[in-house]
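Below, chain A partners chain B and then partners chain C, in two separate complexes.
Up next is the complex of A and B:
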């Protein structure tokens, strides 16, 4: 079994009309055994920027701590929050630093930039950025997620419809992947508010 | 065949561990204490290779004490757990970077157990990762250790943290490691509820121990149970089926 499948994960982000949604599953496993069903994969960097880290949980935690450190330093020096594009470049650089001993994580970055235009991107474990205008996926369930998102996604969805779409996409994809699931965690971010919801799916 | 498991009850956290010290097919002793008392209100139950386990848990214990001496107040359970995770995470990649810079992937010191071969989906080359199993190159302390940290804080109450040998940290209500975890986790899923009294929790632990003894092929004969509550961390009981012979007295 590959090191990326050690803990099991599924993360997806979608763009709507002046909003974005980012969702993840909640399972923390060790190979075939489930350790916890309330694991947090999506982390907040600042009010309008979130990062979901799939892959090996220990590297996700280490990487998150390093990113928060770098962002706090940036805030102190520049007296403002980082833009999503800048943050994506930072993550990419941090990952490529470890080119010959990488962090086994695939981040999904989602944010609203200064004009409240949503920005999403994903990258592989070495920092190769993949920008998208519609949706990005990562994790053990990524193949199912690609299929489901491609069929369910429509451009310019309002926030409620976006929430429905991303939830259905996540739940149906993780149902086909034994290593991810046990519910879902969805964050819907608009310029004015952040709504965080927990989904109850098949608990297996 | 090591079994460590723990759970959080009403105002206390409990950790149980087997107590066999084993080397291949030989059992050195059956009353080895694998749950280290870190300070007045914290327990660290660890499983893994004997020498590494003792070195690592003592290292954590001494550092926890050092913090208290330097700052005058003890670490919280969450802080101690995060410190432990940090040490493990650092040790995880220490030798790896050295090896790879010097030898350029040619002569990695890979141990035969648990070598991970990684293929990135986006990159063609394969990347070999060094072993994260128990037999480590020198300099890597604490690898191959699963641990659980139980503690009691005055403001938060009891808490239990699961820490994997590759430094995955998660706060849990019930957790288990080792082959015994396959049985004890299932028993706890069935019988655990939040806010269990001490008697109920110890009954559940006994159920788990019975299950491990019945179903695990080389099950450990003896277990130790330690609890931590508002009055401190202490040994609660032993569950023994094999007692060491009494020392002969003159």
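Up next is the complex of A and C:
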């Protein structure tokens, strides 16, 4: 199994009507052994910007710490939060800096820009951006996730329906992957509130 | 004149047609599988072995106690990281008094267990009595030893009740054959052993033993990524084997560790139930 499959992960983000949802599994493993079932993969950059990092867990944590540092510097200089598009460019640049010794992570960025229009994108481990209008996926369960999201997704879903859809998509995909799962974590972000929920999933 | 039964000397399997060597032939002549006609046989062998990938991603266990033998297994099949099935039968019924477990290559285990069942039945017909667990496991071990190094992946346990009482043997593709009272095979076996060894007592009732086996499989499915699905538990007694239970481990988790709802969640659960 490859270095991307060492810890196991699944992250997905979906766009709804003036809102977005980002979800991840909660397993941390070492090859086939499960070590923890409460591992956090989705991190907050600011109230309207979240990043989910799949792949090697240590690189995900280090990359997150570097990104938070860069964003705080930005906040001090510009006296405002970063726009999601700008942040995506920052992540891409940071990843390409390590072109010949990369971070083994695949980030999923989701945010609301100044007009509260949802923005999602994903990247490979070298920083190649992939913008999408509907959903983005990453992790060991990504192929399953693509299939399930493609069939379950509808544009302009309201927040409750979006929550249901993303939860079902995540749970059914990770049930076909032995390296991810053991519960789920969903964040639903609208212009006015952020709802964080834990999913009850199969623990095998 | 009575013909001596030399089938025990046969180190090779039956023809694909499923018929034992005829009376006319020398019973000691080696029957063989057809080999592939290709230029690079070694390379072909290597690729074929890599394909079957002897990873043994599974959890099976069996133990002997006062009332017989308990055999339990999960039901997940994986191809690398992908879960190809959550409903594989890993406990095979060799005959009404003997069970075998599957770990390793599914095709290998299924074929050779069926082959063993045939040999056991032939033994019964030839000798007018059921084969012992010792004999059955020896037959299988000899076959597997003759294929040693050819990439078979079989980690099986043969459990049964014969005239000497309950019997349990572990047989693998390396040619190993061990008699014992407690075994667990597969990638989830360390976790199963932990639970099994700490809870084992010879003087258990059938229900207690079944619950111990169920818990051991559940804990293995929790920690091991390659195990999961349904925990099946069988019991082999003097009258033969009987399937005791098949519980989905996803549900077992919440039964053993029920979620303690916080007051808000409790309220939500009550309103939705109302």
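Definition applied: the second predicted complex is superposed on the first by the 204 of 204 C-alpha atoms of A that agree within 3 Å, B and C clash if a C-alpha of one lies under 4 Å from a C-alpha of the other, contacts with A are read in each partner's own complex, and residues count from 1 in each chain.
Rule of thumb we're sticking to: a residue touches a chain if its C-beta (ideal position, glycine included) is under 8 Å from a C-beta of that chain, and two chains touch if they have at least 3 such contacts.
Computed from a predicted structure; not experimentally measured.
**Student:** Does chain B (first) or chain C (second) touch A:125, or do both, or does neither?
**Tutor:** first
**Student:** State whether A:3 touches chain B only (first), chain C only (second), both chains, or neither.
**Tutor:** In the superposition, A:3 contacts chain B only.
**Student:** Does the superposition put A:183 against chain B (first), chain C (second), both, or neither?
**Tutor:** Neither partner.
**Student:** With both complexes superposed on chain A, which partner does A:57 reach: first (chain B), second (chain C), both or neither?
**Tutor:** first
**Student:** Which of the two partners, first being chain B and second being chain C, lies in contact with A:139: first, second, both, or neither?
**Tutor:** neither
**Student:** Using the touch definition from the top, say if A:33 reaches chain B (first), chain C (second), both or neither.
**Tutor:** Both: A:33 reaches chain B and chain C.
**Student:** So in the superposed three-chain picture, is A:107 touching just chain B, just chain C, both, or none of them (first/second/both/neither)?
**Tutor:** Once the two structures are laid over each other on A, A:107 reaches no partner at all.
**Student:** Share the list of chain A residues that count as touching for chain B in one structure and for chain C in the other.
**Tutor:** 33
**Student:** Mind listing the chain A positions that touch chain C in their complex?
**Tutor:** Those residues of chain A that touch chain C are 1, 5, 8, 29, 31-34, 140, 175-179, 200-204.
**Student:** Spell out the residues on chain A that touch chain B in their complex, using ranges where they run on.
**Tutor:** Against chain B, the touching part of chain A is residues 2-4, 7, 28, 30, 33, 35-36, 39, 56-58, 61-62, 100-102, 104, 124-126, 128.
**Student:** So in the complex, which bits of chain B are touching chain A?
**Tutor:** Touch residues, chain B against chain A: 85, 89, 92-93, 96-97, 100-101, 105, 116, 118-123, 127, 129, 162, 164, 166-170, 172, 175, 181-182, 185.
**Student:** If we count contacts the way the header does, which residues on chain C are in touch with chain A in the complex?
**Tutor:** Against chain A, the touching part of chain C is residues 57, 74, 76, 78, 80-83, 86, 187, 221-229, 249-250, 253-254, 259.
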